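What follows is a group of structures, each given as structure tokens.
Each of the next two complexes has subunit A plus one more chain, namely subunit B in the first and subunit C in the second.
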Partner chain A sequence: MTISDKTAEAATSRSTAPNGSAAGARASRRRIGFGFNKFSGLYLWAIVIVFFAIRLPQTFGTTQNFKIMAGDQAITAMVALALILPVAAGVFDLSVAANVGFCVCVVTRLQMHGMSAPIAILMTLFAGALVGVVNGFVVVRLEVDSFIATLGMSSILAAGAYWITGGQQLVGGVSQKFLNLGQNTLWGISYPFYYMLVLSLVLYIIVEHTPVGRYLFAVGGNMQAARLTGLRVDRVRAGALICSSALAGLVGVILAASLGSASQDVGPPYLLAAFSAVFLGTTQIRPGRANVVGTLIAVYLLATGVKGLQLSGAPVWVNGLFNGVALIFAVALAARGARRQRASNAAA
Partner chain B sequence: MSHESALAVSGISKTFAGQPALREVSMSVAKGSVHALVGQNGCGKSTLIKILAGVVDPDAGGGIAVTGVSLAPGSPTASDRLGLRFVHQDLGLVSSLDVVDNLALGVGYPRRRTGTINWRAARESARDSLTRLGYSIDVSRPVSELTISERTAVAVARALDPTRSAPTVLVLDEPTANLPRSESQKLFALIRAVRDEGVSVLLVTHHIDEVFDIADHVTVLRDGRWVSTDRIEDLTHDRLVARMIGRAVEGRGRLVEAGSKSDGAIVLDVQNLSTTVLRGISLAVRKGEVVGIAGLTGSGREQLGPALFGAIQRQGSVAVLGTKLAAHDPHAAVAAGMALVPAERHANALFLDATVATNVTAVGTERFTRFGLVAAGRESADVDDWIRRLGVNPPDGKRPIATLSGGNQQKVVLARWLRNGPTILILDDPTQGVDVGAKAEIHQLVASAAAQGAAVLVISTDHEELTSLCHRVEVLVRGHLSASLPGHELSDSVITAATLAAASSVSARVGEPA
Partner chain C sequence: MQKSMKLTCVGVALATALTACGGTATAGKSSAKADPAKLADAKTLVASSLKNPDSIGITNPLSKTPTAGKTIIVVGTPSPVAELKDIAFADAIKKFGWTSKRLVVGAGPEDEAKTISQAVALKPDAILFSGAAPSTLAKPLAEAKAAGIPVLAETVTEAKSGPIFDASIDGPVFEQYAGKLMADYVAVKSGPNTNVAVVNLPVFNVLTIYTKAFTKELSSVCPSCKVTKLDQQLSDVGTNTPSSVVSALQRDPSIKWVIYSVGDLSTGVDTAVKAAGIKVSVGGGGANAANLAALKAGTEQAWTGLSTPILGYRDADMMARYFNGDPLTPGGDALLLPTQIMTPATIGGVALTSAGNYLGDAGYEQQFEKLWGLS
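Showing the complex of A and B:
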């Protein structure tokens, strides 16, 4: 794509900007509500907690319940965290959840064949990362839209998971040591929660405090401008996809250890919840950009809502309903924010 | 007289926010003639065309008549009904669709009684309307596979579609701006075919030689005023250029000493550079030298900056301080000390969602890291320093870049590069959409960067800018460097005349007084 193509594109998208005065009014209104917007998720979360704690003091409002939720959501949170890098760089990785499922099967199957846990884990991490290398190649070199490329990869990984398991649930064959990695608890909360905290911290530092974070947002913000500052845009995009896939491998290992079994259908359900969280997260803390803290707030806000509804006696399908509605709502919110941003740009 | 004119404009004015763009312009286009409308950038050509199209309302007073029928201003439908048809520079085609579909855009398809499209009739009528223009194109091919003149033919055929009303005047807005010479000959044949069907053609262009090739009459606008309308036989090339420029504009205050800088080391060495438009460009810029590049739209001027930087495909060699740069690698260009302030800063330079500071630090963040982490305090101190040094207003790194004026945004882009101490600074249309005050400040910054030893290449459509800023100016005409204007000869009108010169006569001409 040449520069002139890009500029033409930009020019047409810009010409639809609304007129200045209305935009100015909207922009000033936004400035008043800014502090609330930024932390609205936290407030909302508090309200949800208080609401269900009062209604269901015996079940919802217990320490035990919160400890369980913290552990249960660690996997979803880690899948969401894995998505932050590609989303920041403006590429989608729809294969991340299927990759988690695939890696659960790989790490379990390898151990059933008698491979020691450390070797099996290493090979699984490698397999996960390799998926990202293929994604990166297809998106950057073959110039396939990331949405399509990773959707296709998703299907391939699902097929791979089926092939590995033969459609059966794989049980046993893994050592107790391996299971301990996923099932031991500390202060009543299972280990994956702490893995998630460490991963959050690492990603937070990378995204907010290293040049790499800058590059991700530069590429995601304006790819053409990023290229014209000498950034190696292709490497950044492929790198983001490789990282998300490598993290999917890691999450796969942790999930396998905490489940103690493997089947081809454990990964995919995480996709929607994770994407909902990342997009809802872009409306929080650092509005307009994917960020670690916002994503975590979103994961636990959604989980708390679902849990409260379930304990109130809502049927199981409320989980999917809630996540679907939240995803649409989150993206609509983000789009509204972006529109306001554009409007205030036009006013300036 | 009036019954012979296809289009008569009388006393049309237009003022934008107190700035007059057109003042009492009157002109008429004879039936069945090709009428050229010429003038420099900002002379009011495009405003007049927009008024004709009904997109812009003229000021009260004055009138427009099409074949004697008065036109209600400000209504695209009214313009269309009277037969005014427009083909804009970008042609308005959908390149992924085929010719038949493009011809149907806005006009509709022939239908069968069942309501479905009668494809055979659609194909036949598409073929017919192109044949009438002298083109035989396979109408099932997507537009993206056609040559540029064939695409123009499709756009013209669509504009001339008679279903809505009989076309009377076809307005072609800069149709040859991106056309190679061989293709423009085909376009002229097309224009003659249109004229021979009895439709008048109003051709907006700034290629003077084309005017002499094709037009019957030519009208010159300058500073929003009508200057002259002549039969083409009564004009010479030089007299037409002189009318467009007006009296010679004296050079304003110069920022750099005129005269060559032949003593400095060669920093940028370009040999035989070619792109899709540029042909065999060789060029050298020395330490401390400011070299200007002038050229019309379509001359290759737009491609030079990106090509040097490795952002678009190129052939030939580009070397910085003797190191040859890889052909398609902006990263290597930056590593070699090259800096590019690109044209169209919103699309090509700014991260509009981010702050001023983030935009400044887009290049060279690595210098402010410790143990791999960005030392935020040290970096923001450096940013503040540069913001102050370049006079960015307001001097606040935390502000969203989008809230700054165009001139201040451009200063931020300059700061981004200057803080990395570039050895060769390339500026592409650096003061486009920048107010006068900020423009002068940007010029000062560029001049002082050169004084401190940077080699500078300024690519610009603003000839006053080139005059005040450059040691010499190289002129691009149809992809070739056609003239090199030394500093002491520079003036707005000399540069303009050189850009308008036909490719065959490369010497710069100074127009006689009008």
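Showing the complex of A and C:
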């Protein structure tokens, strides 16, 4: 069973339960569809926004606050976006966050050694992609489960980041032009937000409107069936891992420019937030499959809730609690919507 | 539809409940007037602390140069500060003709104890560890005691016990002093009714001591000042902490200072605060190289430093006293390490390491060598 299968099953479990006639009777009474199976996150997001805007009109319900939220989540959103391709192809990339941290260290260290920013960026992107090549080789050729392979790679990258930094924080030696890439703002929102928008658009087109996207979901949905139809399954899976790693390299460059310093532990904390967003995203817009819009909704839904709680003065542990509650809540709504849809279809 | 509505209501109720949980603790007193005597003391301390330290802080020489041939295992915490300190320690004991081996502790909760057990198995002449609470290391410390291996604990908040022959270096007294220094600086610099956000990592007891000392001193010197606590989790550093600090500043625009109990907590915050269009003064304890670079750039305002090279040498000094059989009281300000308040105006004259970290007293090696009978 693939990741997509599991997610779809989570969203639609119990949908084939007996009692179809009763469900059909209920369905016939309901004529208005609210799309909870696809848009529960959007509803929840709207509720959260309205709730906090009423409760905190001076701080939460301001244009400035929405600009801050937009910029704050750009890195997390891009890490989550990087995960979409491998998740769609039915493989995990647990090394993506460690790769981000590794690339932060690489791009900073290279510039500290006197390399120009453009060359350092190119070499870092290459290094990031190289990690994906190794991941792909281990998963496809050595047939190691992607969960294990990328977990191991994550540990290797953490060691690499420690080696590059010597365990120290790397400061200075980076040009102001490089820092501007991550720290300047446009219309009051930091640059990384716009990089995230561009990345989202590109990924959206690839995933939803090109054969590559269809291949990814075909492989992720049923690898054997995809192979029987003539798809080069191994190439698709390896390619997805290489792309996610290359994107991690890009995010690492942007994060380095944003922070202005590097240390070996900056990447890994993004892993859980990114995976949460992708899995929550699979319950939105295109239920049962990883998708760009759903992932962005998930990132900003969680961020909006956390921001509201922070502005309310909630203690720090409430952030994690909110993320967990929101994830379960949105998935529960989506699962309920999917069950009702199936019941309605069965009745028809 | 009714069930969906119920679910939605449950969600809103949960969100309401979560926000109701909230409220970071605040300290401070209304509009009480400051005690002029306390304020005068604070001004005096600040004025003297803006100068560079000119001594390593201890004065008693060793009774003899240590005998060569000892092997020390350093149980190394995988943090930048700890590694710098351990490098300095290794450098210092080389002067005695001793050797050291560093065993790096992993990230797991049991790893500190396992690493000390591993150190005991290597049968060294002594073990050095830092940061971890000795009370959580009962088993490996019992092993060390049974093996007759003395242990030096540094940067801990508990008293010595079992095989630990000293636990005073970089302990609570230094953190309390550093917290007091910064509180005095804020009170003197910003005057009454100053609102301060203090960002802390409560997982480290020693940092909480800093935070409490800061809060206590500020409320003493400036009763009208207010402190807002912003406790963070270790995984928040560099990820959620910037957003958390920005939210606190949005929530309370009267906050004029953000004080960090340790410099690493400030990672990524300056950029987030700048992007939010907020202006605030920044400072704290345990400045890292990025904080000192920010002082030079004028984007942060006041930090105290912890000199890791001197800390490493102090550990070596204490080891030497133990093996010499000398009193473990090195004289001077033994419970303190050299430190100072650094500002954009003074940072140019502060002694830093080649990597840009705080050094404090550039002549520290010569001073230690003199105490050790090596020069």
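Here is the rule we go by: the second predicted complex is superposed on the first by the 285 of 348 C-alpha atoms of A that agree within 3 Å, B and C clash if a C-alpha of one lies under 4 Å from a C-alpha of the other, contacts with A are read in each partner's own complex, and residues count from 1 in each chain.
We take it that a residue touches a chain if its C-beta (ideal position, glycine included) is under 8 Å from a C-beta of that chain, and two chains touch if they have at least 3 such contacts.
Just so we're clear, the structure is a prediction, and the values are computed from it rather than from any experiment.
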> Given the touch rule stated above, what does A:N222 touch, subunit B (first), subunit C (second), both, or neither?
Replying inline: first
>> Touch test for A:G172: subunit B only (first), subunit C only (second), both, or neither?
In response: second
> Thinking of the overlay built on chain A, is A:R141 touched by subunit B (first), by subunit C (second), by both, or by neither?
Replying inline: neither
>> Between subunit C and subunit B, which one touches more residues of subunit A when both complexes sit on the common chain A?
In response: C
> Where does A:G230 make contact in the superposed view: on subunit B (first), on subunit C (second), on both, or on neither?
Replying inline: first
>> Contact-wise, after the overlay, does A:I47 reach subunit B, subunit C, both or neither (first, second, both, neither)?
In response: second
>> So in the superposed three-chain picture, is A:R289 touching just subunit B, just subunit C, both, or none of them (first/second/both/neither)?
In response: first
>> Output check: A:V325 vs subunit B and subunit C. Expected answer is one of first, second, both, neither. What do you get?
In response: second
> Now for A:L259: first (subunit B), second (subunit C), both, or neither, which partner does it touch?
Replying inline: second
>> Tell me the contact category for A:H209 with respect to subunit B and subunit C: first, second, both or neither.
In response: first
>> Looking at the complex, which residues from subunit A come into contact with subunit C?
In response: 30, 32, 34, 36, 43-44, 47-48, 51, 55, 59, 64-65, 68, 71-72, 76, 162, 166-169, 171-172, 182-183, 185, 188-190, 258-261, 263, 265-266, 269-270, 273, 305-319, 321-322, 325, 329, 332-333, 336-337
> Mind pulling up the subunit C residues that touch subunit A in the complex?
Replying inline: 1, 3-4, 7-8, 10-12, 14-16, 18-19, 21-24, 78-80, 83-84, 230-233, 235-240, 242-244, 246-248, 250-251, 264, 267-268, 270-272, 274-277, 288-290, 293, 355-356
> For subunit B, which residues are in contact with subunit A within the complex?
Replying inline: 90, 302, 306, 309, 311-312, 330-331, 333-335, 340, 342-344, 346-354, 358, 361-363, 365-366, 369, 372-374, 376, 400, 402-405, 416
>> Using the touch definition from the top, list the residues of subunit A that touch subunit B in their complex.
In response: 2-4, 6-11, 14, 205, 209-211, 214, 217-218, 221-222, 224-232, 288-289, 341, 344-345, 348
